[in-house]
């Protein structure tokens, strides 16, 4: 049963198993373990990014396709929900229509891009997606009539999913629509993650790995590389779009900065690499660590900079405003110390 | 002397005409585009203005891209840090210019150009040194691994940009060009910024110099071979590491040069200015064909010209003109126009 | 006999966590062809790679031409006079044949006389001089790989299975070329599976098994003793 | 007369101006082992590439069991029964030996697009893969990563993969190059076994005369891309074209 | 204690503006409390939160400020996108958010809710003041703006306001935000304006770096009798104005222009403490700081409803003179300044010198909510 659920993809490391269970436990009970607005925001973000990062890993780690357009799909899903909610009005139907159409549109767009990738070299493909994604971001800001431009869109979602909907309290935590919303995000993310886990451990997943290793030979033993790559791209795009839809439902706001920016793309890339490419569990670890760092690094630095007051230059470098500097350092160090990601590291130690 | 093995005589067929034209095609693209511009624009003075300034813009883009043809094209390192070097170059160069106010503030071409040269040298020294450190600390462990290169160099980019904030402050720095480089010359109803003419001179000189170095020395060959099979290059007796460091430093220094030129053009510099140019610069290197100075040169001119023509004819399309150009060229030649190195 | 050109004593080499060479003692006499023989996977290639420096010996010492080279980096070993033809040929496939050869002449421009000699042995190289090396046929690549090592005067050539994939006619010209090299005073350490080639070319021989040299002596002795071959290399009479 | 399993008709390819394979027309019957010989660069590997689809033909057709497959992509030719082993080893270096073979069997059973089942639940694939590895005596190395195998063992795996494909047309490109004298017989015996199955055809590129002598039913000679001779081994080997262009002088009298 | 949350983009591309805004806010609180930092006997505590210029983070941080930190009033942010994402949070928590200095019209327009006040100017105010400064009988104007909401809305407001003055618009040119080469745009504008009679102006609306003014000026628009005009800018950007002496436009703030005690104090204190004159966002931040204190004083408590009642229609003194929160949309109405650039000794930038103060009543700022 459990084997089936995790598709026989064991963590293969004691520490890793512990970490994963810990994360699952914390996320499942986040509203009760860490009451407070900020921590719930963080937990929801972790859930969503786990799915987003895992879907990217399907592309990058399992299929060896480097794309910078993943946020584009994420954004498509988010804008799908936003536009549906704006035009159809508040309601579950809008959420469903938005999510489905976002996912379908993403898959179609991915199909187009996937067919394109046949012709060009992998590294050029990466650069093309980079250019296309940046152009799409600009386009979204230009089409402000439709998309709200730079400023993005605010919209309402069903009342049962907002803080205004109050149900009383449990263990001293007030049960509101926000909490329901969180569990919607949590369970949807969990299901999507398990789905992805199954896909990469299916015969299809094995073919993807073979293609990543040596596409020439994969073709020569009878696999149509094009079809496999394209399907992987479409699947990955559709899942990313659904993650985007969840994000939109959670945030009740979409804008280019929250869904389409190159920065997010880099964050995703870093999460995949920190966690460990080519393993879905890497996505869990990577996303958790990174989102936590993003949210609490500044606070930590504030403390550190206070503690080092009086020393030359150091407090200046530790100033919370310089947190990006340390993020950059994190980028570099993670590649140094976790060349195979945290998961790879943990597995090799056991 | 042993007897030779029987030589075999492979059969050769005649090349077809389109095949033969295809070879020269990249060289014809720029003239063709200019003619196309003339036909579709109509007004001669507008066409002249757009063409000359487009070519000059192409030169500036080429200067910024030249370092990347070495680092990305030849060495196969996706270096987003290049953008940071452009910014650092601009900051160092512009700081030097501000310090040389007595040279820039007077209307003497000689002094002005001397000041610019001094700024360029200062910038190139600093970015070259920075490149050396970057190679040692950041790039060395990730040769051959594109993905890690992207991450690590983006990390380096962020760190350098933040250090610019620490050292120069977060504000944009506005500046004006040296006296004689301000304003424009008018010619046949077309106004051409004087500064662009300087950029043309710099760009052409750089192009010729790079071509000579790469044609006359083995450096280009060593790097290309080294990327494919470093062990073998070392087994032939070359200190590959030294060559790689040298080329990386050169690429970084060229980014510094590009930074000064671009900063002087924009007349405002920010820590993110280089990063903003990266996509364009990558496009130029890609459509040119990896490792090809000639290709990058032609690519840059195409980008400069096309941008101007499209922005004049149909501003709405300006946004996608570069991407469309890249896509079209890659559909036509999947390896770029004149590839020296094969992309993977 | 003068001192040997190359001498390995007690060389151990690890690849990742595997202990591959387990104490190799090997002597390559000056001015002769030494065959390094053995079954698949016994460590012949690893030995050559350790000599050129692609793998670092974990212990033991390597002496070349009287000097200790154990801790020299690869380029320094090459410049000291060791030429290398790797098992996978190490062709720079994106470069043309010409560019491969230009690089092979590390200390200056290509010597036209030497080039003529190479063309005589391997005519296809002249035919495809301007073609991309990656497009050559398997045998042509092998020729290029050997030609690259011959582009400059070296004291010692390490050659890993040069005849694989070569047509018989080319094998004999290649054998001739190697003899020319020897005549010019060079020494050769040759790994070869084709026993008749080994027999025809080798002066001395060393046989490896399991990361060690298990037999060393005159090639003629080995060639004349079928039982010894059978024992060392599993060679049966019929396979000759 | 038995049916032609594979036929090429006027098969030609040009690289730029260079005609590497020049109008080769030839048919191959079931139960027959054809050795293809010729000097280096004669076009043997390129001929294979044209048949298996790695290179698109400039002219001519390839027919597999009567069906024109000239325009088919590599993968579908493979699935229709054209199996190919490569001259320069070409495997999945970071996967294990077992996984390499298993992937092939999975391909043959058309399970690639199976998204929702667990790969590990398909035991039958593993069993079949082990059986094949046993045939080439690689089974002790089943769990090793291919990248760390010695050259000779990689060549054996190359053969194992071809056998796992279970094709109608086997194409071997110098299968024993670099294989030691005690190992080569394993592969050669295997080829002999395949030949005994009678319903397949085998194409073998080989430079070693003893191998050709012991295995070939027929020899074709390629020279400068063109078909220079075709016939039974003894006649072809004795012909001038083979003696001059191919054999050169005997090694013994160098 | 009274908690004020300053939620703004401390890090990211607008870091420089953010610092100004925060300094201004603190100076404003200090000024309005007479240095005690106390109102009605309660201490003012300012907590800072960094949105990193990301709307989602801004949203979470504002919720945290209201929900976990129990802030009474929030101020910020710098970027309009972040501000728009934050608006519903104020409504959810039923607490006041004073928007400063984000400029998008829709903040006090279609996306407005009754908990939102804005001390900063909005884009219409910018555009309309420029129209008032540039317009006039017989004037023909071409516009150049970035092709996105800010640019298009700005031009629309400008056009609307200009109609009243008798001037007309001959050509509107929009270019992508990241444009670096303006030759084509300039050529199009020149071609459109070439045959036009009378006074010809090119009005440039541009946000952020890379202002095309200098580059277009270098193409010698005077050949066609075209004058360049543009709005004011932060001090650093005025360097570019040095090439354009005599250029006119309308600005939001320049420290030498407003003549009032608040500004005198600000300029003096700022010079003393930071060694430089105050800039755009310092003035804005200070206006917000004073507004907070005045509102609490007037309401007598930090109860949201009381604050809203107090603030609607409230007038208070700022470095820019008297501002007034309009009842309908809570937008602060304020003066703008018609300027002309001059070269002055000792200043390495073009100095905007006051031509005329455009008072609250000189501009008809539409209510759009």
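Which chain is which? They are A, B, C, D and E, in the order written, and residues in each are numbered from 1.
The working rule: contacts are C-beta pairs under 8 Å (C-beta built on N, C-alpha and C of every residue); 3 or more make two chains touch, one makes a residue touch a chain.
Keep in mind the model is a prediction, meaning the values are calculated, not measured.
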Where each step is a move between two chains that touch, what is the least number of such steps from chain A to chain E? 1
Could you find the chain whose CA centre sits the greatest distance from that of chain B? D
Chain located farthest away, centre of chain C as origin (C-alpha): E
Quick one: chain B and chain E, Cα centre-to-centre, how many Å? 38
Whole-angstrom distance, CA centroid of chain B to CA centroid of chain D, is 47
Measure off the straight-line distance from the CA centroid of chain C to the CA centroid of chain D, and report it in whole Å. 28
Euclidean distance of C-alpha centroids - chain C vs chain E, Å: 77
If you look at chain C, which of its residues touch at least two other chains? 124, 169-170, 172-173, 175-176, 179
Which residue numbers or ranges of chain D touch two or more of the other chains? 39, 41-42, 245, 248-249, 254
Quick check: what residues of chain A touch more than one other chain, meaning two or more? 138, 142, 322, 324
Partner chain B, residues of chain C touching it in the complex: 52-54, 73-75, 78-79, 84, 86, 90-95, 99-100, 102-104, 106-107, 117, 120-124, 126-127, 148, 169-170, 172-173, 175-177, 179-180
Sort out for me which residues of chain A touch chain D in the complex. 4, 7-8, 198-199, 201-207, 209-210, 213-214, 216-225, 227-228, 231
Hey, which residues of chain C end up touching chain D in the complex? 15-16, 18, 38-41, 45, 87-88, 124, 128, 135-140, 142-143, 161, 164-173, 175-176, 179, 193, 195-197, 200, 233-236, 239
With touch defined as at the start, can you tell me which chain E residues reach chain B in the complex? 13, 15-16, 19, 147, 173-176, 178-181, 183-185, 187-188, 191, 209-211, 214-215, 218-220, 223, 236-240, 242-243, 349
Could you pull out which chain B residues touch chain E in their complex? 43, 46, 49-50, 53-54, 57, 165, 169-176, 182-184, 186, 191, 193, 195, 265-268, 270, 272-273, 276, 304, 307-312, 315, 318-319
